[in-house]
Structures are given as C-alpha cells and as structure tokens.
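Got a structure for you, questions after.
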Amino acid sequence: MEFAELLGHIRAALPGAVLEEHPEAFSPWILVARAQLPALALLLRDDPALDFAQLMCLSGTHLPASASESDRLASIFHLFSPRHRHKLGVKVVLDSADPACPSVAGVWPTADWHEREAYDLLGIVYEGHPDLRRILCPDDWEGHPLRKDYVTPATYNGMPLD
Amino acid sequence: MNLPIERHEGGNIILTSAEWLVNEAIARSLWPLTFGLACCAIEMMAAGAGRFDIARFGSEVFRPSPRQADCMIVAGTVTMKMASRVKLLYEQMPEPKFVISMGSCSNCGGPYWQHGYHVLKGVDRIIPVDVYIPGCPPRPEALLEGMELLRDIIRGKRPRPDAAARTA
Amino acid sequence: MDVKTLLELLFGLLTVASAAWVAFSPKLLHAGFSLLFTFFGVAGLYVTLGADFLAVTQVLVYIGGILVLLLFGILLTTAMPTAELSVGPSRRGQGLALGALLLGLLLLAVFRAGWPLSFPPLPENTARGLGTGFMTTWILPFEVVSILLLGSMLGALHLARHAGGEK
Amino acid sequence: MQFAFGVVLVFLLMGLLIGIAAITFSSLLRPSKPTAQKLQVYECGELPTGTPWMQFNNRFYTVALVFLLFDVEVVFLFPWAVVFKSLGLFAFVEMFVFVGILALGLAYAWAKGDLDWVRSRRFLRPAAAVEKGQPA
Amino acid sequence: MTELMQTFWFWAPFSAVVIAIVVTVNALLSVYMERKVSAWMQDRLGPMENGPHGILQTVIDAVKLLLKEDIIARGIDRPLFKLAPYIVFGASFAIFAVTPFADGHPAADLNVGIFFALAISAFVVAGIMMAGWSSNNKWSLYGAMRSVAQAVSYEVPISLVVLAVVMVSGSMSMQEICVSQAGGFWNWHGLSLHHNPFLVLGFLIYFIASLAEVNRTPFDLPEAESELVGGYHTEYSGMRFALFFLSEYANMLAVGMLATVLFLGGWQPLHPALGFIPGPLWLFGKAYGFVLLQMWIRMTLPRLRVDQLMHVCWKVLVPAAMGVLVLGGLWELLIG
Amino acid sequence: MDNHELFIQGSRVPDRGPDGDLMTLNMGPQHPSTHGVLRLELLTDGEEVASIRPHIGYLHRCFEKHCEKLTPPQIVPYTDRMDYLASMNNNLGFAVACERMLGLQVPEKVEYLRVVVAELNRIASHLVAIGTCGLDLGALTPYFFCFRDREMILDFFEEICGARLLYNYIWVGGLSHDFPEGMDDKILRFCDYFEARIDNELNPLLSFNKIFIGRNAGIGVVSAEQAWAFGLSGPSLRGSGVAFDLRRDDPYSIYDRFQWKVCVGEGLVGQLGDSWDRYWVKVLEMKESLSIIRQALAARPKDGDVREAVPGRVKLPVGELYCRTETPRGELGYYIVSGGGNLPERVKVRAPAFSNLCIIDEISRGALISDVVAILGSLDIVLGEIDR
Amino acid sequence: MSLHFYLVVAALLFVLGLVCMITRRNAVALLMGVELILNSANLNFVAFSRFTEARALDGQATAIFVIILAACEAAVAMAIVLNLYRQQRGIDVDAARELQG
C-alpha cells in the first residue's frame, strides 16, 4: 500500500490517533497521540491489510528547546510489512518533563532491547516494559548521554572520563 | 628485571647466573589470556592463525583462565563498564604477568578520545602496561613485534615504561 | 623390622587414621575423601595378606565405584557440604563411650581367644583359584549375585527416578 | 607377588615424590603476591554470585549407579576369564547367564529412559534427518 | 649384577626413576608433537624459534610454569585443592609400573596386571573430583562432574573389552598377554581376523572408549575451553596446573601402551624377522602411533555434547562390548 | 575497600539470589565463546539452562554520540569500527543513506566496485563466523582454514585501500581509491580457488561432519514468525526459511542487476530454523557472493574516477531517513535526522546483531550450556555493533 | 605380622564405623560408617583365611561377595537418600523418622 492508503486505513480504524502526517519525508512517518499508541500498534501488526510484522527500528531522539517550545523527546518506530512490502514510520513526541511512552515490547518482542536502549541513552520511560533497565551504560551511570544537554561527568566510580 | 626472584633480593643466590635462564624461560613462553575486546581482537586472532602464526614463538597457548596466563593482550577499546572486569582479570593472573596494550583505543582511547563518554582513555589508567602497540588496529606483525619488545623488557634489555606513569 | 612389617604398620596406620577422620571430620566432604585413603589402606593390607586380586577389586569397586557414588550423593543432596554434621554433644558422648566400650571388648576377644594359627603357603595365582572357585564351589552364590545385582539395579534406578522428580 | 606390588607402591610414591619435589622446588623460585582481587574466585571477570554448590542432574547418580553394578560384574568375570579356556562350555554358559541377567538390567534402564541424559528438553525435537547427509 | 637387578631395593627405585624420566620426556615430547602435528594439519609452522624447530619450546614452558605464582583463592578448600594434583599424577604414573617394556621386563609383573591398570584410574577419577570440588568455582565443578561421569561410563566398555582379551589370552598379566600374541602382526589381537574377529571389533571399541577415558576430542567435554573455560583445573596455576598437564599426557601414552599391549602385541615385533629391533622400541613406536592417531582425531573432529556422549557409551559401546565378550567367547570355544 | 572494588560493586547488576535450586553462572565477559565481551548470566539447573539474561554494553563506544559531533565523511571511519568484521558493508550502508538524503547519483564504476568489495567482505565475515562457530564446538582445524582463506581477501583490501581490517573505503559519493591494476584477475582467481575450497574442504570437514550436525541440528530452533517478531535478519532470518534479503527485496546500490539466489535454510539435517540452518545459510551465501562478484567484475566499467561524485562538503538536507542495507549479519539500518546543518542531529544505528542476539533467551531455555555455545556461534554476533 | 595386628586394625575400623554411624546425623555419613564396618569385616575374613587352616581362598571369595553386597547396598541406600532429600530438602536422619509411618 502507498502511504496515503495506509493513512486512510489507519484513520478509518482508529480515528483521532494520527496527529500529523509527513509523506514528504525521506521515510514517510506519522505522528500519533501517545495514548493511542498501544491500540495503534496492535492494529498495525494484526490488521491483515497492514500486517506490519517487522519492527525494523525503534529510535529515540531528543529535540532541543526552540524559541516556541521547551525540549521534547521523540520515539519513532519504523515498521515494515514483509507481506505487503510497505513501510511506515510512527512517531510519538513526549515532553521531556514527562518522558513516558507506552511500550510496544508486547507487540514486537524485538522492541524490548531497543526500548531499553532509548531509555538508557535518552531517558524515555517506556511504560509497561517488562524489564526497563539500562542496557549499554552501567546500571549506576548518571544521566542520559544522547540528550543534547548532557554533560559528560568528570569521573565514573573514581576513574577519570577524559 | 628479576621478577621471579624478588624475594631473594640481596641474598647470596646462585640465581644471579640463573637469572638469565629464568628470564629466558619467561620471555620465551608467553601464554596470552584468551581475551579480546574489539576490532584489535580480530587481528589478534589473525596473529594466531596460519599466516602470522604466533605459535612460532610459543605463544599459541591461549589460556582461557587467567590463572594459567602470563600476559594479557588488551586488544580493543576498554569501556567504563568493562574496565573493572579488565582490572579484575589482570589481578587474577599469577605473577610474573605482563600487559600488552594493543591498539590506539587501549593505549589512549584512540578515536573515541574526544566524545567517547563511556570509553576509558587508556588502559594504563587501571593496570600497568608493559608494551604499547600503536595502530587502529595494529597489524598482526605489529603484535608479534610487540611481543618481541616484551621479551626484551623481560630480558632487561629495555626498560619498562616509566613506573610512575603506571598505576598499579 | 623388615620392610614388609613396616609396610603393614604403615598401611594399618593409614587405614585407622583416615577412618578416624571419616568418623570425626567436621566437614562431610573431607570425610568422603578421607574414605579414599581408608579404602586404599585396606587394599594395601590385602596385598600383605596375599590377596592381590581382592586388593585390586577393593580399589576398583570401593574407590572407583562406591566412593564416587557417595561423593555424587553428597553433591546431589547437600547444598552446603559444610552444614551441621554432628548430633548433639550428649549423644556424641554416648556414641564415643559405646565405641570405647566395644573396642575394649573386641581387643579383649582378639588377644584372649586362642586362634588356631597356622601359615599356609600362598596360592600361585589367586585369580585363577578364584575363577575356578566361582565356577565350582561358589557357583550358586555366583549366579545369585547376578540376580541380586539386577534387583538392586532395578530398585535403585526406580528410586532414583522418583528422586529425580519429573518436572 | 608382593615384590611386584612393592614396585607398584614405589611407583605411586615416586609419582607423589615428583609432584612434591616439583612444587617444593617451584615454591623456592616463584613469587607470591596475593592481593584481595587475585584471591577472588574466577568467573569470567565477574565476581561470582552464590556458591558453586549447585544442584546437579540426578542423571550423574544414575550413571554412577549403572557403572558401579557393571564394575562389580567385571570383578566376577575377570577370574572367570582367566580360567575360561580350561573350563570350557560350562563356564561359558555360566558367564552367558550372568551377563545376560545384567544385560536385562541395562535393557530396563534403556527402556525406562534412564540412559537418556536429558529428558525434559522442550526445545530439542528429534533430529530425524541427520542421516540424509550431503545433498547432491 | 643380575642378583642385584633382582633385589627389590635396586629394581623398584631403578625402574621408577627410569619411568619417571620416560614419562616426563614423553610429556614434553607429546606436547611438542601435538603442537607440531596440529600446526602441520592447519597450514602453520608451529613452534620454531625456541631451539631448532622449536624443540625446546615445551621445556621452556615447563621451566616457566615452575616460576609462576601459585594462587590459592579465597574460599578454596586448601587441603583438597593441594592434594588433588598429586593424586592424579601419582595414579597416572603408577599405571606404567605394570606395562611390559620388553620380553620379561615389566617393572612389576602383576598376576592381575591389566585389572590393576583398570583399577588405578579410579584414583584419577577421585583426584579430578577433588580438584573440581575444592576449587569453589562453578566451571571447575562442571568440568569435574562431566569428567567423572564420562570416565566412569567409558570404563564399562573398556572393562568388557579387556575382559574379552583376558579370556582369549587366559591371563591378566600384561606380560603374558603380550607373549600370547607372538609370531607376527597377524597374531595380534587387534588385527587377527582369523583368530578371533570379535577382538578386532573390540579394538575399535577400546580405541573410541580410550579417547573418552583420557578426555581427548571428540570427548574432551571436561576441558572444553569454549564451554567450561578450563574445566576442573580452571583455578589451578603454575606447577599445580603443570602436574595436571603432565598427567594428561602421561595418560595419553598410558592408554596408547595399554592398547598396544592388549591389541597390538606390545613389544612384539611386526614380523619375527624384525626381532633384532629391541622390544621397547616396538612398544613405544606403536604407542606413539596411537598417540598420533589421537592427535589427528583431535584436529579433525568437533566435540560431542554430554547427552550424545552418554548415548555413545551406554547405547552403542556397552552393548557392542557385551556382544564382543559373548560372541568372542563363543568363537573361542567353538573355533579358536 | 579500594576505589576499584567499590567500582565493581557499584556497577554490578543486583543479584537475583538463588532461585530455588537454580544457580547463577556468568558466562563472560571474558569467555572463549562469547565472541567478545558479551556477558550471559545463565540461570542453570545442573547443566540445563533455565533462562539467560544477556548483559551487553561492555563495548559501548558511543557511536551515536560521535555522529552528532562529526560530519558525515568523518563518521564513515567510525562505521568501520561497529561491525569490524564487515567494515565495507557498514561503510556502504552509511554511504547509501547519505546519498539518498543528498539525492546523489554515484558513477556506475563506483557502484560495481562497491558491490565487489562488499561481497568480498561478506565472504570474509562469514569465514570468521563459520570458523569460530566450529571452534566453539571444538573443531580446531576448520577455523585455521577459514582464517587462511580470509587472509587472501584481506590482502585484496590491503592492496585496494591499504588497510587490513578497517578500511574507510566507501565514501559518501564514491570510493577512496580505485582498484589497482590487475586486481580483477586476482579476485577472479580467488573465486575459483575458494569455491573449490568450500566444496572440498569446508563441507566435508565441518558442515557435514556428523558430530557437527549432531551438535547443531535441532538446537535453537527459530520459527519464521518468531524470527520476524524478534527482528531477526540476515542469515539468522533466512535460516528459518524466510527468503528475505534486502539486496533483493529492498534493493540498494545495483544489486537488482545481478542474477543470484536468496539462500534459505531448509531443515536439511534437523529442523527448519535450527543452528545448523543458520550456519548452512552462511556457507551457501558465500557461494552466491562469489557469483555476484564474478558478474560485477565482468560488467564493471573500466574507466572513470571513483572520487568524481564525492561532494566537497556533505551537508545533509533537512529531514529524516531510515535506510537499511544487508550486511553479513543482516539488516543494518541507519536512522538519520538532519536539521540541515553540517552535523546530523541524530544517527541511530539499527545493528543486525543487536536484534539477532535478543532472541537468545527465548531459544535457549531448556538447552544445555554446550547448546548455548552452539546457538551463540550460529547467531554470529559482533559486539562492536551490538554495543556500538 | 601376626593375625592380631589385622584383627586390631579391623576392630578399630569397626568401632570407628560404628561411632561414625552413631554420632552423625547426615545420611551419607551414615553410609560411610557402614562402609567402614564392611571393610573391617572383610579384613577379618581375609586375615582369618590367611592365618588359619581354612582353605586360603575362602576368605577372599567371601570378601568379594561382601564387596558386591556393599556395592548393591550403597546403590540402593544412596537412591533412598536421594528420595529422602527430595521429600524433606535435607538428609537429617533424625528427621527421617516419620518414614516409619
């Protein structure tokens, strides 16, 4: 299915879930409401017309504060349907003061580690994740390194960092 | 260097003449710890394989347990998460023991020097290093040369790197 | 004192000392491994008694088999091999007293009884003698033993299977 | 015979002696610098958690058990084997019965699955086609 | 002179020292051989730099191990940890006492020689268990348990096959077993298809089981580096480790010698016409051939898994060995 | 207690404590068969594994942080160091992503040469995977043979770009160097030599060795659904019988011009999707790579400058892109967000081994420790790209 | 050496085995005590047959039968101990009284 068709299908099944659409992007994506994400994820995976069996990638990004907005975090899910050969990016934008995003680890098991990574590096808290711990950094690491405002600490457990 | 006979320092000791034998034995039989960290470990494996054949120098006996190893080849980037383990493994090796720092990353952090918030900038910050092999990654020949240098150090022909710079 | 006497004494000492360690060691594991030396000492005594086949059998079965079984048993049953081993001090005292009493009685019997001593020559080849014996004199026990072995094998396997607890 | 066993004993002692000599000699030469971390038990660079005194598979016991009984059987058969030639058919039949009865035990253990090392493996399905070999 | 030779006080220490030298040299030689053979099979050179063609490499390794620190970690059961290498080494050394090196020259001609050789491995088993158990290390314990289970399991087919040989030879003395195979290679138990073909099968069973008995590939599970790090000697360092190492190679030679004595005529020459070559040369030649075969297999095969190991033993080798015993006996009775 | 000990304890994952009869066993970070610094926390019952908790990050080298501080041409050498066994493929993936964003058309010759080096590197990478897979199961010699043949490929690379392992060869918009004179012939000769080696040496010695099959067949079975759900890709996905290869199904570069077959596991010796199938797919893929190399070398233009289209300054336009390519381990995705500046705002790497590894707990439950080693070997992980 | 020596060693073994059985509450240790006692008996058998007029091999043959019995006993007893352990998570023999039913 083309992007427009996908969008129509999703809108019909879950009205109000899609907040923005970006067909012009290199990888077209939609912005969805945080509360609707779990339902949308199930729809995307289980609807035979959509059939997004593969979560290709789950990334977090940090959008620094601009003139109009305070800084925000985004979690983006890149989906692919091996059967229909179509792709879709699904993005959720979160306020960095309340970085809670519903987990999709129950829908696509591969999201488990990717979510842990996004939590580790960016501090996005995936609610409902079975085991949300740091994955790359040590458990007692401070801060989330990929945030734009991250300052590398001088030492870690007595060892100089630079 | 008189590592194994340190306890007899100042004693009469036949060992002055035996020291040569002792040092030769240690130098010519360096069993490395099976321990690879990153890219350099692949070159370390290549050094063990057919073309470069570290076995020629008697070092093909990669011991998986530090208890039986003589030298630790820190081959790759040491991260903050790994550093304590590297240190523990080093500590668990029996004396006399040696460390070869293979590659820029373990020498000084290498390409991760500037922005690598999670990278230890040089393994010599946690364990004393005897030989530094430059390169990213060093070629297997460089590792063989590094082991040759280590042999010279053991034989006392070449000083160990400045003791003050080594954190023990 | 000739060598043989010396060896006998040494083996006897080894046997008794290690057996004492089996009985009194605070660690079950040490007791288990101490048994190794007891069995070995007894095997040595068998040799001094001219029972070569029996001595090797002792090593093969006791050390190679029963000891391994016991050690596996310790491993399989005890999460902490250093766990409390002894009974309370009162029962321990009673046991020791009983042991001492019994030892006294036995020693009395050993030295007071008039054993009809003699010293028959050693057979040329004990294994050959035993083989012939098993096929002639002891033919019945020989076959019965096989049934016994079968029975204990079946029983032990059955029990072990229950202990394994099909999960 | 006791002469021969004496030689064996000397061998055993010699073995011990070599070991002790080597380690004593080595203790004169070797350095000894224990540190707290050196004395940590090795577990792949981690600090070990819990004791190694773990629960082992009952299978180990089963193996030791079957072994013990076979071992005992062997003990009986060795003297038999020595005299086998002189005793002839009768001895053979005796042995046959003896081994046969034990073979029954083995067959029982086999049939009951006591000889299969692992029984509760949900993921290991029978690798049926191992015999297929190389495709043309 | 001959009288002196026959006194215990001369003969026992003399032969023990000779064998001690042989065992040590054998270990050094076998390790060197293994390194060279593996290098040759893997398109490498192997040790080259230390001594001509690296011949001194293993000697140097041994000296180095002598100089290594001996670590006894916290939580280790010290007495058992220290005792274990002695027991393992002493036992693997004692096997050589009963091996006949030439006509009339075993160190100790036991009536029950081969039976003794089987039994003595019980000490090795106990020693390994001691080592693994006292180490307070999970890998060691795994290694020891595997090793013990494997050793006791494969002891069964070995015993049964040895029994068949004893049955045919009519003696447990290793010297007499050798003598019974006199007259050329066609009379050797392992090759004599016309005397008793079942013994040839027995030879095969013995060979496979002996690989397991000495923990060689494909049965090297107890020391599988990629699984269990170092197996039961993970915590051992320096000379104590070297003792395990030494006894391992001594065991390799020992099973080679046993195989030679049982199935390849021991010190008997290939052909009676070759009798001018001394017996020990024949014995060691054949035994080293056997060791070489073990190395070849090590370089060729991966290792089995523990369930496959037990499967091979109990469901293949033990029934086969029983068959060899029964059918071999029948053959001996009717045809032999 | 010194600093260091505090440090160890601070960074330790809290113990779960004894779980009934189960014992916690650490496999790694220093263990001969974890292929680097992976730590598997095994919960074992005897030798049986009840569950596995993988701990990664021991090689976390902050790649994504570096991407935010460097320009795309500067990032390329860092991509080398992610999957250090297949640097060419990593270079290629990043170059393709940037070129898509830039809308850059690279010269024909460059495309062909890229395919040649990428496929050569695929073979080199698979050789290491196959060799270590055998090594983990105790087969020593195949490992040496694999490394011997791999050295030949490394020689080509050295001749082409001067490096043995980390090449920085495929640049955004081009290549760093042209092939030297006579390289094509050498590579073709290698193809003939190596094809015979697979058939006559590797397969009899390892692939169809009965013990090797016995160790791998029926172990670590992954169904096709599981494979998709856990995000498996590359040989691990195809081992489960899914004919999905990005070179064919989501084409990039010029892969659509070649005739080749997507190799899948068929359950030849055990069950579909077991360790052996994952292994076998790699063997088959090496042959297909040889075929692609031959075609590419035959069709490649001889003339042209490989740096012709290399932009003087790479300035990615505003927008975001998820671009994926097929490395030896599977789907390597780059998610690039650009704000139009010199530096990308965010680069996230979807590393194939990262996703492949996360299934290990699922397929290892109830296995023996020896099986875990076999499964790990067949999953073919590289910690460099898992931890990045 | 004389018969007495062996008899004394055997007596000591016997007593130690008995003490081991009485003073230990661990079932495996109990078995070890039993093995000591059986060994002591065997030693007596062999010693008597060596030093008295009885046929020299009788004692040895008996001893072999005893060893076989000991093996069977150990096998079954250990299996029982394993069962006991599984039921009670411990092998304290005093606590096993409930088996009396």
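To keep things simple, chains are lettered A, B, C, D, E, F and G as they appear, and every chain counts its residues starting from 1.
Following the convention adopted for this analysis, contacts are C-beta pairs under 8 Å (C-beta built on N, C-alpha and C of every residue); 3 or more make two chains touch, one makes a residue touch a chain.
Predicted model only: the values in this text are computed from it and were never measured.
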Subunit G and subunit F - chains in contact with each: D
Shared interface partners, meaning chains that touch subunit B and subunit G: D
Label of the chain whose CA centroid is most distant from the centroid of subunit E: A
Chain whose Cα centroid lies nearest the overall Cα centroid: D
Identity of the chain that, by mean CA position, is farthest from subunit B: G
Between D-E and B-D, the pair with more C-beta contacts: D-E
Rounded Å distance between subunit A and subunit F, as computed from the means of their C-alpha atoms: 25
Inter-chain centre distance, subunit E versus subunit F - centres from mean C-alpha coordinates, in Å: 43
Subunit A-subunit D separation of Cα centroids, rounded to whole Å: 55
Length of the line joining the C-alpha centres of subunit A and subunit C, rounded to whole Å: 70
Residues within subunit E bordering two or more other chains: 8, 42-44, 66-71, 110-112, 115-116, 118, 138-139, 145, 148, 152, 155, 172, 225, 229, 234-235, 238, 306-307
Subunit F: positions in contact with at least two other chains: 4, 7-8, 11-12, 23, 25, 29-32, 47, 57, 60, 62, 65, 144, 148, 214, 368, 387
Shared-contact residues (touching 2 or more other chains) in subunit G: 64, 67-68, 71-72, 74-75, 78-79, 82
Chain-chain contacts as defined at top: A-B, A-F, B-D, B-E, B-F, C-D, C-E, C-G, D-E, D-F, D-G, E-F
Residue ranges of subunit E in contact with subunit B within the complex: 35, 39, 42-50, 54, 57, 60-61, 63-64, 66-71, 139, 225, 229-230, 233-238, 241
Sites on subunit G touched by subunit C in the complex: 1-9, 11-20, 22-29, 31-33, 35-36, 39, 42-43, 46-47, 50-53, 56-57, 59-61, 63-65, 67-76, 78-83, 85-86, 91, 94
Subunit F partner contacts - residues on subunit D that touch it in the complex: 36-37, 43-50, 52, 54-57, 59, 118, 120-130, 132-135
Contacting residues of subunit C [partner subunit E, same complex]: 3, 27, 29-30, 33, 36, 52-53, 56-57, 59-60, 63-65, 67-68, 71-72, 75, 125-127
Touching residues (chain side subunit D, partner subunit C) in the complex: 1-2, 5-6, 9, 51, 53, 55-56, 58-62, 64-69, 71-76, 78-84, 86-87, 90-91, 94, 97-98, 101-102, 104-105, 108-109, 112, 114, 119-120
